[in-house]
Structure formats: C-alpha cells, structure tokens
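What follows is a pair of complexes built around chain A, which joins chain B in one and chain C in the other.
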Partner chain A sequence: MPETDDPHELGEAEFRNTVHSFEFWFEAVQGYLHGRPYGSPGLRESELTERQRQGLITTLCNYCVGETAALDASSGMIGFAPDRGAKIFLATQVVDEGRHLEVLLHRMKQLGVADPDAEIEQRANRSLLKFKERLLEFVDARDWEASVFAQNVILECLEYTVFRHHAGTADPVTAEMLRGIVSDERRHMGFGENDLGRRLLMAPHTHDRLNQIKRELDSLVINTFAETLGELGVERDDRPDLAGDYLAAVARLGFRS
Partner chain B sequence: MQLIAGERCALAASSGLVNAAPDQASKTFLATQTLDEGRHVEIFTQRLYDLGVKPNDLETTIKTYINPHLGKFAEVLLEKIDKKDFVAGVVGQNIVLEGMAFSVFEMLHAGAEASNPKFAHTLSGTIADERRHVGFGENRIGELIRRYPEKKPEVQRMQREMTKHMLATFHEAFARNGSPAEARTGAPQKDRAGPTYQGLNLAEASNEEMEGALSATVLKEFKTRLGRIGLEYQSPV
Partner chain C sequence: MTDPLELPASARRPRQTFELEETGFNEVPKRFRRFYRRWRGAGDKLGPNEALCPVCKVVIRSTKELRAGDRVYCMPCMSRLELVEEEGMLIAKVIY
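Moving on to the complex of A and B:
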C-alpha cells in the first residue's frame, strides 16, 4: 500500500493502481453516502409553489436524461477499456451513475410524479437527447478517446456546472442530493483528465480530433443550458453564465476552445 | 487464473447488459452487479499477485493458462451481449455463468475453509454476491420469458452451448491439471476429517469423482433455476 495519503504525490503507475481501485472508491464515497438514504439525511421539505414544483420536475427530468446517458456510456465503455485499471474505475462509475439516477427518480416521486418515465419522455430537452445519442454512437463504435472525452470530460463538466449552480439555489433536500452527486462528478472528471492527458502526451495529434468533437458537443451543451433555463422560466437578464462556467471547467482540464 | 477469466467475462456481460436493459430497475441492479464483478476481478487478480505473478506478466499468464473451453463459454455469452439481447444475456450471465460460478466457489470454499481461511473468506463474500445475482436472473427473466415466448428456442440453444463448454472446462481442469489446487489444500490431518463437498471427501476423492460431483451439482441447479423461469434444461449430450 502507498505510504502517502495524497494520491497526487505518487508515481504514475502507483497513482493509477491506487485511484483505479475499489478501496479508493469506497473510501471516497463512504463519507457522503453513509446515513443518507437517497442522498438526503432526512431533511424537511420546504414549501414549493406549483410553478417551482413544475420547474424542478422539468429540471430533474433532464438530469435523468444526462445520468442515463452516463450510465449507458460508462457501462458500455467497460467492454473496450484499454486496461484493467480503467475497467475497474468504470465499474465504480457505473454504480455511481446508477445511484444518481435512482436518487433523481426518487426525488421526482417525492414531488408527486407518478410515472417518471412518461414525464422524462415528455419534458426532456432536444439538445440533451441529441448529446446522449452522439455519446452512445461513440461508445457503440468502441472509440475510446472520443467516448472518454464526451463522457468524462464534456458530460461530467456539464453536470458539474449545472448541479453546482442548482445546489446553490435549490430547496434543501434537492441541494443536499446534488452536492452528493457533484462529489462523484469530480472523481469522474479526474479520470477523464488523467486518461486523456496521458494519451495527448503520447499522441498530440489526438488533440485536433478531440477539439473537433468538442466544437460539435459544445453547441449541444450550450443549447441545453439555454433550453433548460427557458423551461424554468428564468428571465434572460437573470440567467447565470452556465456556458462560461462550463467552458472554464473544460479548459481547466486542458481543453480550450 | 480460471476464476479471473470467469469474472472478467461476468464484468463484460453485466456492464454490457446495462445498456440493453429495458427498465430502470434492471439498469440499477446491473449497475450494482457491474461493481460486484469488477471487485471480484480485482480480488482474484490480487490473489494471483500474492502467489507471485508480476503485474506486467498478468495478461500473458492468463492467456497461457486460460482453459480454452472457458474461453468458448465466454464467447457464446458475449456474442449475445454484443447483440444487446437482454433476455438471452441475462439467462447466460445470471443463470448459467453465475450458477456455475456459485457451485465452483462453494467447492473451492469447502476445500479452503480449514487450510486457507483468508482465501475461504474471500470466496464466501463472492458467493454471497453470486447468490444475489442468480436471484435477479430468476426474478426478472421469468417475466420476460412469459412475455416473449418466441425467445425460448434461441435462449435454450445458448444454454446448451454454454453447458457443453462448461462441462468440457470441468473435464479439462480435473483431468489435465489435477483437481483445482485450492480444493486440494485441505488435506486431512491424521485425526481430523477432510473437507467435504456434496458429501464427497475432497482430500480422498479421485479427480473423476470431484468432476462428477461438481458437474452434477451445477446441472441440478441449472434444471431448478431454468424451470423457475419457464425454460427446460437442454442437455448438450
């Protein structure tokens, strides 16, 4: 076992063996999962107006689309992951994404939604559905670089940006649930950054290809923000700069526009 | 080595099935199963390292020692997974593969309990997981088989193929390599009874007897579990 508590102080091989392991995952999640059924430590519901409730349901429907995309993609990627460490990491990500979906569906039921699947079908925004379709095309084509990039960089940055913003304004139960999800997203983004970082060092031409994919997906992400905020009835002047935050998060991982 | 190969197949199959699952509850269960199978791969790989295999030699060691019949067994299942055939995939994975793994682990556990408690403990955790996985297969697929009876012949063909390769795997494992090393480790002390599996004294049984006991146990399990989901066991003989 490594002698340091900080994995970033480890050499590359030991870093990967440590981070891509169940032990690491379990230690990471047990602090914020224990005693929090469905992502919430038994907080009291606050009163929501009908407009707020409908807005929240629409938002949760879109979150479910994103998490289903992440679940289907991360599970599909295990079959062509390049090494055992990546397979192990993705197995932990699969269960994270499955849990996210479960807590989001549970929250919808708490809000009185009887048939979440029907609501998702009706309320999901088109750009996000298109994003999901593109991501799963990369996975079906067993294109590792494009899949990791679309899933662990772009989609995770999208979710990270939106969930963090939303957690700051949401009712306490939803906010607590989102904070738990954000903690997982950080780990998933770290995997994408690390895996692609190594690949880009070895094959710099990959950068051009990923930038091309980024340009295509960026527009879907930015449209998703605009559509979601529009559906929520947020006035243009009051809208947070989610696109700017998203692009900054992706840039921090080394992918600039 | 064979345990890692089997668990790798289970990891590929359960993760591949998430995408093909027709409902949310199945996706969620398969997500937890993916985590379990990944952990099993990790645990058995670590055991190999403990036995002296170097991480850099892992893949070549597995390629060298994998039982070719087990490779074919996995191919039959993974072909269904690649086609996103959920019903066949779950029968192959959660009834056939898990049913086989469950019995093999129980035999290994019986052999290791007294002589290698650490490995026996690892196996008992794995057995508990497999029991849950088999339960999902029975529960979810029974309903789907009733809904899509036209799937029966194809699924039964797959079960027959997988059973054929499984029995060949057992035969080769016992005949060529001797009995699995872990099952033999519990040799009896002078005044103590040896480990038993299905009433068979593992320390004294011949390879043929051990193969017979394992095969009979797995096949009996298959018949029971397939019957519960409305399928008739197909003998490869």
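Moving on to the complex of A and C:
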C-alpha cells in the first residue's frame, strides 16, 4: 500500500497496483461486510405475501445463475490474464463471486427453499443460461478481450443497475444483502471498463469483433433483467432505465448502441 | 507564457483548500475513505472540491478546489479521471 493517504497524489502505476491488490480488497470489504453474516446485520424478516415470496425466489434463482457464471468465468480467466495485477484482481473477484453465490443461496433457504439447485434448474431464465454458455466459451478459448467484455462490462454493469434498484425496493434483509453485493460490483465493472479501454487504445481493430459480441449478447442480459423486474412486481412506469449505465459504459468505450 | 489576465477568473485566483472529514463511505480502505462519499440523489450538489464518477456514481473529493485539467482517481471502481469543462460545468471523464 502507498505511503500517501491522498489517493489523487498517486502515480498511475502505483494507483493501479494499489487497487488491484488483495491488501486493498481486504481493507475495503472489511468496511461494509464486517459484522454482517451472510451480508445482513441480523435484521428482522418482514412479512411477504406468497406472490412476493415466489417472485423473490425466481429473482434470486436468476441472480444465482449470473453469479455462478461470473464465478466460473473469473476463476478461469486467471489462467490467461495478461499480467500479475490482473491475476491478483481476478482472484479477489473470484472470492467476491463465491460470497455472492453463498449469500444468495442462504437467502433462498431463509425464504423456505429446501433445494435451491432444483429451484434454479426449474426457474432459471433461458436467455441468461445462453449468455452463461457463451461467456464460458470465450473463457475456454482463452479470449481475454471477449471474456472481460462479456463478464465485466455486460454482465457486471447490468447486475450493478438491477441490484441497486432492487435494493431500493426489497424487504430489509434482501436489501442489505444486495447493498453489499453492489459495493463489490463497482470494482468488477470498473476493472472491466478500464482494462478494455486501455486495450482498445492499443488495438483499435479489436473494436469490430467486440461490437459483434455486444450485438449477440447484450440483449440476452437486458431481456433477462427486464423480466426480473416484472417478477418483482415493479410496474412498467416505475422500472429503472435498465440499460442506462451499461449503454453509457459502452459509449465511453466507443461502441454505438 | 500566458498572461494571467487572459485566464478565466477561476484560474487566476488561488485554489481554495478543504479539510476533509469522514462521510460514512466505507468501500475503500479506512485511510482513503474521506476522499469519497455517496451521491445523495437528485437534490445533492457537488462542492468545488468534488466530482461525480461517471462509472460508479460515487462522489470523489479533493483537499483542493478542482479545476479543468485536474486528474483524480475513483478508488471504488478503479477509474482514472480528468476534469473537463463542458457548457460551464466541470465534468469528470474517464481516461484509460
């Protein structure tokens, strides 16, 4: 960790080494996870109607698919990450994704789901499963740009928006759990945009290839999370601009929508 | 050398400095926390030493007044930003 307490005084390399480090991750997550077993500080359950409970379970099943995709992908990406800093950062992301999956499964059990795996199998959105399959194909092919783009830009940006919105309307236990996840997602999507941004400056020809991937994949995730908001009973007029953060990120990277 | 009288008024006067206090922001290591705060929504206003991160919507704070051309870091999302003036407003843009 650097000697200065003023982050804006750091040089670029020192900043990147700092924020990609396990030391930074450990001190950061202590701030918002310490004393919160399974992401919640022992809050009392609120009454949910059966319709609300079922909608929440279906939503959590889809969140589990997204988090499992990110867990499998980020762990695989360590093997072909371009430098040590990226490897170390991805190791912290693996830990985050594993924790997300664990707290989501725990929440499902609190909601009375006896066999979460069976529920996920039954309720998972087919588009999201298709997205996961394609993401893992990029990882199997050791395609760094496509993997970072699909996982850290498309998936993480959309999860960040949906979780943030859901945290604002959910029951207190689910809301606290989601807030902890959102704090992690900031790092994951920021890593993706910045890594890809630097890479596109050095290899502009990558742009067309990633644009094709964008066209193929982003609608799968946008449609899934739009359906998620429906399951949560959010009226069409009250739904957030789901793709707003994501479209802003890809616009900064030079992609047209 | 630029004639100081040709510079905009904001650039001619010395920069204001600020004592930063804890804001309750807890997503970075303790010693960096006072340099960030949460955006409080539509009614919130940025101070002269603050900029909004376009990537993760956290407010970045500095010990000095920010001006166009300054570079700051958003630690929560790992972004490097430059302040630019657009239509009279100071905007943070990501530099990769």
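Here, the second predicted complex is superposed on the first by the 221 of 257 C-alpha atoms of A that agree within 3 Å, B and C clash if a C-alpha of one lies under 4 Å from a C-alpha of the other, contacts with A are read in each partner's own complex, and residues count from 1 in each chain.
In the analysis below, a contact is a pair of C-beta atoms (placed from the backbone, for glycine too) under 8 Å apart; a residue touches a chain by one contact, two chains touch by 3 or more.
Note that the structure is predicted; figures quoted are calculated from it, not measured.
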Go through the superposed model and pick first if A:109 touches only chain B, second if only chain C, both, or neither.
neither
Tell me the contact category for A:98 with respect to chain B and chain C: first, second, both or neither.
first
Once chain A of both complexes is superposed, is A:87 in touch with chain B (first), chain C (second), both, or neither?
first
For A:24, decide between first (touching chain B), second (touching chain C), both and neither.
second
According to the stated criteria, A:256 is in contact with first (chain B), second (chain C), both, or neither; which is it?
neither
Touched partner set for A:78, first chain B, second chain C, both or neither
first
Overlap of chain B and chain C contacts on chain A, residues none
Can you name the residues of chain C that touch chain A in the complex?
26-33, 35, 54-56, 58, 62-63, 71-80, 94, 96
Under the stated contact criterion, what part of chain A meets chain C in this complex?
1, 5-8, 10, 12, 15-16, 18-20, 24, 27-28, 31-32, 160, 183, 186-187, 189-191, 193-194, 197-198, 200-201, 248-249, 252
Under the touch definition given earlier, write down the residues of chain A that touch chain B in their complex.
21-22, 68, 71-72, 75-76, 78-79, 84, 87-88, 90-92, 94-95, 97-99, 101-102, 105, 116-117, 136, 139
As the complex stands, chain B meets chain A at residues 11-12, 15-16, 18-19, 24, 27-28, 30-32, 34-35, 37-39, 41-42, 45, 58, 81
